[in-house]
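In the two assemblies presented below, chain A is common to both, partnered first by chain B and then by chain C.
Now for the complex of A and B:
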């Protein structure tokens, strides 16, 4: 029952936040920062293609691979939050992403010095995300 | 009707979870912002423009909180979104529910009417500020929030309680649905 990593993409597809839960996921933490940006961009591309083909608004919601699952939540404002976790945590991820979206709205967007397109560097946010991730059973 | 009741229910349960602030602190803070702008800027049009811009910045940020806390997931559909704005947005942030009226045939323009609002309690406009739109920040908030949902709107104050009208009315006109933004 492990959450490996969390990504947040801005409306234009930039990676604005990314966190690997290192102590619980030594494998995921071996991926370099550059590769993580690359992964996020690739996902953004597929997600956009998915929406264009399907004509729906949601795009890719879940991807299963090996022992893992990726779940994505797109917001009506164009943000994308996605998480990679063990399959055993799959049922908890929708709730987890909702909790992260609330943290983002409260901690990040209410900071008047945080611009909407800029990468998120907030210690409080990082700590709160870690806490939420650890609580996922 | 059931959609409206449903939104009202969502608004109440969200409202009960949010932190509250004494409305007079809010009224005085907003008053201080407006009077400071009036002192600092040369003319009233400039003050209105600044209030609108500040509102826009607020709306851009508030919309995500509303969506995150209510779990609503609206498409850019003017009727539904305006119902959310009035029944949920104004309810949870200002404790009021303005009425929607005068929808045009193709659902692109509507008037929001406010009977009272904490923003303008105790305010009496001096005659030197006849052109001041005291409520302009609210117009900006609506504009900013809807822009994040892909809807470009124009908001105009068409009646002002501070200038003798029965209600304060904001005319919201949909100008463009920005689909392309999400696909590019």
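Now for the complex of A and C:
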């Protein structure tokens, strides 16, 4: 499994969905659930700074670090989806993020009980995301 | 790879000590230094802040190793390749989009820097901002420790031209 984790941020930068697909290796820093929320929201700030630096419409799109790559996709409505994966699969991530965005639109946003800024708690969404992540080489 | 825009070097406190913008000239088949900067001063300040904050973020979020550091990050229009040395200097090359991370090239630039600037006995990088600031200087005074070595500039220009051709 090349994908490590997926984060979805709302328009205001709150973490509304987080899924981890693999154990962190022992040399990685230990982070709690709260840390994940914090880190994801910090990335919201980076995304905006990236936009301010060179005036592009989308902010930071990819960050390469160590053996990993972080790829972010912003939606026209201001949501941000970002995924952390192995560097070897960097090309497949754009399609993966598009697939997740489709799932988000189909399963989460069409749910009349889902409010926009609230965390996503949908079993069907989690299962579909896991299936899509497994399919990425 | 004729899309190299700019090289910036930040010192340990995040101040830019070297900036050089480039433009590819097809007639001369060379990368020519430009006086109009690729990124304005405000953008350079933002870049410094971004690079400074990206490091602890990446160290925490990395699932493989907490010693990982940022090699490069991209936006829609530009790619920023980063090398941070053990002394806290940050070398950033700004290129067009869709360029593979230039870590090796940055290492070579660091070698050039080491031989022309760091080993230069007349170089005084720590004319500190920690010392009492001189009164009466304008706010847009460049931070101390500016790299003015002409041999570094020439070596850098020819290296980047070789890369681009």
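Of note:
We take it that the second predicted complex is superposed on the first by the 127 of 137 C-alpha atoms of A that agree within 3 Å, B and C clash if a C-alpha of one lies under 4 Å from a C-alpha of the other, contacts with A are read in each partner's own complex, and residues count from 1 in each chain.
One rule holds in what follows: contacts are C-beta pairs under 8 Å (C-beta built on N, C-alpha and C of every residue); 3 or more make two chains touch, one makes a residue touch a chain.
Everything quoted here is computed from the prediction, not taken from an experiment.
Once chain A is used to superpose the two complexes, chain B occupies space next to chain C without a clash.
Greater residue coverage of chain A by touch, when chain B is weighed against chain C, goes to C. Contact with chain B, but none with chain C, is seen for A:11 once the two complexes are overlaid on the shared chain. By the touch criterion defined above, A:57 lies against chain B and chain C together after alignment on the C-alpha atoms of chain A. The vertex angle at chain A, taken between the C-alpha centres of chain B and chain C once both structures are aligned on chain A, is 110 degrees to the nearest 10.
Of the two partner chains placed around the shared chain by superposition, neither chain B nor chain C is touched by A:118. Judged by the touch definition given at the top, the superposed model places A:78 against chain B, while chain C stays out of reach.
When both complexes are overlaid on chain A, the residue A:66 reaches chain C alone and has no touch with chain B. Once the two complexes are overlaid on the shared chain, A:46 sits against chain C while remaining clear of chain B.
Once chain A of one complex is fitted onto chain A of the other, the partner contacts of A:110 are limited to chain B, with no touch recorded for chain C. After overlaying the two complexes on the shared chain, residue contacts for A:102 are found with chain B alone; chain C is out of touch. In the superposition on chain A, no contact is made by A:127 with either chain B or chain C.
Superposition on the common chain A brings chain B within a closest Cα-Cα distance of 13 Å of chain C. When the two complexes are superposed on chain A, the residues of chain A that touch both chain B and chain C are 51-52, 57.
Residue ranges of chain A in contact with chain B, taken from their complex: 11, 48, 51-52, 57, 75-79, 98, 101-102, 104-106, 109-110, 116.
By the touch rule above, chain A contacts chain C in their complex via residues 4-5, 22, 24-25, 27-29, 31, 35, 39, 42-43, 45-46, 49-68, 70, 84.
The touching residues of chain B, counted against chain A in their complex, run 60-61, 63-65, 67-69, 71-75, 148-150, 181-183. Considering their complex, residues 39, 43, 46-47, 49-50, 53-54, 57-78, 101 of chain C touch chain A.
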